[in-house]
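I'd like to ask some things about the structure below.
Naming follows writing order (A, B, C, D and E), and every chain is counted from residue 1.
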Amino acid sequence: QSAELIAAAKAEGELTTIALPHDWCGYGALIEGFKSKYGLKVNELNPDAGSGDEIEAIKANKDNKGPQAPDVIDVGLSFGPSAKADGLIQPYKVATWDSIPDSAKDADGYWYGDYYGVLAFEVNADIVKDAPKDWADLLKPEFANAVALAGDPRASNQAIQAVYAAGLEGAADAKAAAEAGLKFFAELNKAGNFVPVIGKAASLAQGATPVIIRWDYNALADRDTLAGNPNVEVVVPKTGVVAGVYVQAISAYAPHPNAAKLWMEYLYSDEGQLGWLKGYCHPIRFNDLAKNGKIPQELLDKLPPAEAYANAKFPTLEEQGILKETITKGWDAAVGADVK
Amino acid sequence: MSFIDIRNLKKSFGPTTVVHDFSMAIEKGEFISFLGPSGCGKTTILRMIAGFETASGGEIRLAGADVTHLPPARRNVGMVFQAYALFPNMTVAENIAFGLKVAQKPQAEIKARVEEMLALIKLPQLADRYPYQMSGGQQQRVALARALAVRPQVLLLDEPLSALDAKIRVSLREDIRNLQRELGITTVFVTHDQEEALSISDRIVVMNEGRADQMGRPFEIYNYPQTRFVASFVGTLNLLKATVVDPSAGRLEIEGQGVIAEHGAEAHARGATCTVALRPEAVTIGEPGPGRNALSGLIEEVAFLGAIVRVRVRVGTAAISLDLFNDPTSPPPERGTAVTIAFDRDDLLVLKD
Amino acid sequence: MSFIDIRNLKKSFGPTTVVHDFSMAIEKGEFISFLGPSGCGKTTILRMIAGFETASGGEIRLAGADVTHLPPARRNVGMVFQAYALFPNMTVAENIAFGLKVAQKPQAEIKARVEEMLALIKLPQLADRYPYQMSGGQQQRVALARALAVRPQVLLLDEPLSALDAKIRVSLREDIRNLQRELGITTVFVTHDQEEALSISDRIVVMNEGRADQMGRPFEIYNYPQTRFVASFVGTLNLLKATVVDPSAGRLEIEGQGVIAEHGAEAHARGATCTVALRPEAVTIGEPGPGRNALSGLIEEVAFLGAIVRVRVRVGTAAISLDLFNDPTSPPPERGTAVTIAFDRDDLLVLKD
Amino acid sequence: MKESRFGSWLAIVLGASYFLIPLIGTFEFSLRMKRGEYSFEAYRVVFSDPNFQASFLFSTVMAVVTVVLGILLVVPTAYWVQLRLPKLRPLVEFVTLLPLVIPAIVIVFGYLRLYNSSSFLPLTNSSFGTNVLLACGYATLALPYMYRSVESGMRSIDVRTLTEAAESLGAGWPTILFRIILPNIRSALLSGAFLTFAIVIGEFTFASLLNRPAFGPYLQLVGANRAYEPAALAIIAFFVTWACMGLIQIVGRARGDSARR
Amino acid sequence: MTTTAAAAARRKTAGAMIGVTPFFLFAILFLLLPTGILIVGAFQDSQTGAFTLANFGDLLQPSILSAFRISIYVSATSALGGALLGFALAYAAVLGKLPGWIRPTLTTFSGVASQFAGVPLAFAFISTLGRLGLVTLLLRDLLGFNLYATGFNLLTFWGLTLTYLYFQIPLMVLVVTPALDGLRKEWREAAQILGASPLQYWRWVAGPILWPSVMGATLLLFANAFGAIATAYALTGSSLNIITILLYAQIRGDVLHNANLGFAIAVGMIAITAASNLLYIWLRARSERWLK
């Protein structure tokens, strides 16, 4: 990183982030690392925010230079292009730009993929002796009242992808997969296996949702947090492996544009990328790092086996649009409880 | 110019008009009583003077200034409410001190005044009670003390003594009167107690259905009522039908018995029917004599009222009440006794209408 | 056995005892009045009879049954509250009908009774008003009607007429009395108006600081008070210091002027000082004569009270009030006139203590 | 009398069960942080964080400020509406209900558009200004509760008569409001204060998006993806807030306690 | 009325207007203007920002309509239940002749509980009445009673309502206590002495007097539940189609994000609140003729 950028960022003195839960992809450690490395202050806005919030926060703070205006955002893939179209983000190409796969970045540098993971089963191994290995297993009677999503398929990208993943195997296209996924959940629900609660570490530990379908990195972080109480097993299903990519961008109205750029440099440096990996997220430069042997073995050992990722499906933007349309609209009919 | 000048005051609540065209002028330092039947508008007028009710018409002037539309707090008018309206969150002492505190009087003065007031209402030992801990009469006295404490220019008292027994009532009314004289507070006093109104007032306004029927000094009001309403409302007047036998001689007939009226008969035609009024205290049992009329009748009812014993005598279809002084040694005649009653000719009032 | 039997009733609010050891027996159909200064405990006793206040001691029996701890609704007692307590959400008619509705009387009967009651209180035109739309006196009458409408066995009236003018008050108290007689309702009536108590009651209880000082028929209470408190509270008694000159002859000296008392002097020693009582209505201006005492003095104050004119005469250091009947044609002597006053020997009451 | 007391006890006992059992459930879970035994480990973790105290203190101060602001806004309004402007009542009531149905996030984004550093009222320019904005936001959120409590309190006293009595003694409206009306609607004010206090202590969205170090964001930061700590925090927050209210109650009671009917 | 009297009345009103000015100023600055932005947004196209009514047209989608319906249903049920039970509790505490400490304990507790919502509340109920909840297990193990065999399920409409009651009841307690305090003891006494049973007293006297306050409080509860999101989201997140979840999905979510449609939904919610407010005003006007 250029000394110039560091100096300019230091002059700004602080960085404002939004929607970065500390348990998410190792963000807690990354933020700490950034702070101590560059001596900048980091304002963390609403860690609970969704991608929509992040976009709205930029809009709302267009004219605000105060600490309420986010400098950087980390949003679901589809939000990148739309934010660009709305002029809410500004282009910046980090030093390691070229090692980011083209499929995961905007050619002009407005947004760029940051990390990905696959949907996995997070299992409370104290309760579930025999962890499910594939989607079909979830339908077994032994998983009565056990399976939860980590979000609401009408609102959460993660949950939508989960539905998609459940129907992916053997589906002709995204729409078919989405429909199959809905059918799967309808069955799961009918079988009494589906628990319509938002699965969380607490409900997992308490036993209300012993199986949660969520990003593997969240599941793995949970496993560490819970530290064996209960024992958590993270299983990537045999089939229907879906990967989700989030993208990083700098607000067009960033009050601290240089700090934002520095943050991007930090995240996309080897150090930053490994930071995400420590949080069990596959950084976007994973292959580049792996190729260059920059990933410590003990980090690799903690990840699910690489072959689980081998046939991971990265839905395209277009496919995402179809999923969103089909699943958000179809969900209520599939599993929603109606009130007479 | 009068101190309080009320002109053509009107008040309607929706469709019902409760005060019609009320006018009166009150001099500085005067003590005026409003006397009138329940619901005739006394409280309403007081509330308009105080500023709590907006007049529907007319004008109120205080010390020369038109205050018809001034807010109450700026009229320097004190008021004691018919329903006490003590502040429930304050002790007796705090209630009394309130107006002084608002006026930012020095602490010492407030303390002294509160004590003085507590002594006046004879409740020094209750200074720290809350309203709910007191009897009705005690609350009423505190309300009075609270209004007096600020020594307003104008004091409006809405039946301030109604919950008190005769003894404390007489003593308080004298205290009010003295304080009022001493400080020159112009006072309007609403009461339903005639004796109170008659004994304490400079002038009395007798009200009837939202109008002033008569204003005047107590003696005038009592002895020379100008309307039938005043005559019957103030005191316990006997109103009797009489037939005019000889207008110029004042000869009348009541229930077939001849009487003579000193004045007033000449206004009526011979043979006409008229109403005559007779005060109970003017009538005696027995004691006829020259210049007096006598009627014979039957004692119908004897009511012991204390100093007075009220006897109702039936004369034909008419009932005549008369007052005797209580005398334990010679009790009044029993019910059913035939008696002759008598009264001076000039006590027989022939009414105009 | 009496209908209402109150034995050794006590009531304390925290540290202060407001009713001490109150006992009395009331016969069925009797009309009893409580008379006593403000704060003496009248309301408290009524509330204990009704069951709103728990007695701190003693017992209340109604029709033979111990009701000391029975809830109010099961005592079949009616009550008119000092502060009216009308239901603000109901019209006048609904208020009056309430007790009948509760008793599930037929609609037609309720309607008839309400109309009857409205006529009784002379407010038929206000049937549809809400309490806040009425004057104080009107509200009080409604409260009375509401209690009377259910025709309870026992009626407790806490100053039910205090907000009314003399005229309607007299007429209402007669109505109450008639209804009470007719229906045989046992009634306890609290009033601060002596005339009212004296005229309406079978018996009167004079209360003082939570105790019954004297119970008796009105005539007794008024004319033969047994304690100094009763003597001074009921009526406007003149209490004078006298020196006993000759006990057996009843010769006393008041302010250096000799008088004779028919009775009571013999209880005192020669040369002793005693208190004598003299009712204002027993005293006349002038009119000395055989069997009468005379004192000379100076007229100090003349108060016009309506039927009566109250004159205060100063005799040495003492002030003696006397009552004259109002007579417009011969007004009372002016202030400052020297007069001789006279009274019968047997009107001079020598008190014991 | 006996029966009615029995009914009351029954209501209280049933109510207490309904309210306490879920708390007990949460509490039980919060003790399970150490495998196979009950411990206060989760509490230790929570209490050992210095930010816990700091953020709770910040929120407490905000809560007190908000309570005062809320009272100043609502009491005069409810008073005049009751006394003189009954026609405005529907409007005021509707306005006070709005914060319940408008998502907080919409309101706070609205604030950021209106009071940002380049607006006519650049409240977000300084942390003091932002605190002011936050307090206003909280007062807005508390408006429905505060207004309804105060309104039902005012309805229960004779506002008109008390006002007239005070006016006739020369009191101006501030005196009437603060010396007469306020003390007589104490229980209503306490209700409103409690509600406001609890809202502010737990509020997350406003504080977070305005970037203030409040307790709500702290809870979120610590708790979001943990299992046992959020339970412990919930219990702690619940009881600490309760204790604070007890304190408010005592302070509120100190004056004029005996004036109860 | 003469002109001067009318002028005076106007002036009095104007004086009072000044008194309510701070409130309206505040409401405009911190509530209405920010909300106004939202309302404007509801009329804008999400892409172009041009004026459109399409967002409102979108409200007519069956899923959104049914979400409105379910939200109203949940809110109304929990408001009525909360009002009833909260009133009973408040009554017991204020008028139930209970020991003095009960009331302050209850009101302070209610203060906290009324705002206890969202994830912690959902979790508390799951730990209590979920399939592995404390009570569920106790019933099963001690009494051999299988709660879930009765068809009970926490994660349904009734479960949500039961959970909502946790904050609705205390809210009712707090809002209605002052009104209960205002019941004068003379009214009760007067009713008693006229022979009324407690029930009759409540039916004819206390009930009608409290009715406006109770209705107002119930409306507050309704709006409170109507606008609630966190609890429902955490508890029955993906199974119950309530309107706030849809609204949040549009303005906050990771997927949908059509803020303008979200705003239109919010405007719809405001309209429903306004309608319930109107209903309340109408009901109250009918029951309050006796008030000044």
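Observations, loosely collected:
The rule is simple: contacts are C-beta pairs under 8 Å (C-beta built on N, C-alpha and C of every residue); 3 or more make two chains touch, one makes a residue touch a chain.
All values derive from a computational prediction rather than experimental measurement.
Chains touching both subunit A and subunit C: E.
In terms of the distance between Cα centroids, subunit C is separated most widely from A. Between the interfaces A-D and B-D, more contacting C-beta pairs are found at A-D. The distance from the centre of subunit C to the centre of subunit E, each centre being the mean of the chain's C-alpha atoms, comes to 56 Å. Averaging C-alpha coordinates per chain places the centre of subunit A 36 Å away from that of subunit E.
Subunit D and subunit E have Cα centroids lying 16 Å from one another. Spacing of subunit B relative to subunit C, judged by their CA centroids, is 20 angstrom. Each of the following residues of subunit D touches two or more other chains: 1, 29, 105, 108-110, 113, 157, 230-231, 261.
Multi-chain contact residues of subunit A (touching two or more other chains): 49, 53, 56, 200, 202, 206. Counting partner chains per residue, subunit C has residues 71, 83 touching two or more of them.
Interface residues of subunit E, counted against subunit D in their complex, comprise 12-13, 15-17, 19-20, 22-23, 26-27, 29-38, 85, 88-89, 91-93, 96-98, 102, 104, 106-116, 119-121, 123-125, 127-129, 133-135, 165-166, 169-171, 174-179, 181-183, 185, 198, 212-213, 216-217, 219-220, 223-224, 226-227, 229, 244, 247-248, 251-252, 263, 266, 269-270, 272-274, 277-278, 280-281, 292. Note for the complex: subunit C touches subunit B at residues 13, 35-39, 43, 82-83, 133-138, 140-141, 159, 162-170, 192-195, 198-199, 218-219, 222-224, 232-236, 279-282, 303-308, 310, 323, 325-329, 344, 346-347.
Against subunit E, in their complex, subunit A makes its touches with residues 49-53, 55-56, 75-76, 78-79, 82, 145, 149, 151-160, 195-198, 200, 202-203, 206-208, 324, 328-329, 331-332, 335-339.
Residues of subunit D that touch subunit A in their complex: 29, 32-35, 105, 108-110, 112-113, 116-119, 124-125, 130, 204-205, 208-211, 217, 220-221, 224-228, 230-231. By the touch rule above, subunit C contacts subunit E in their complex via residues 50-52, 71-73, 76-79, 81, 83, 85-91, 98-99, 101-103, 130-132, 146-147, 150.
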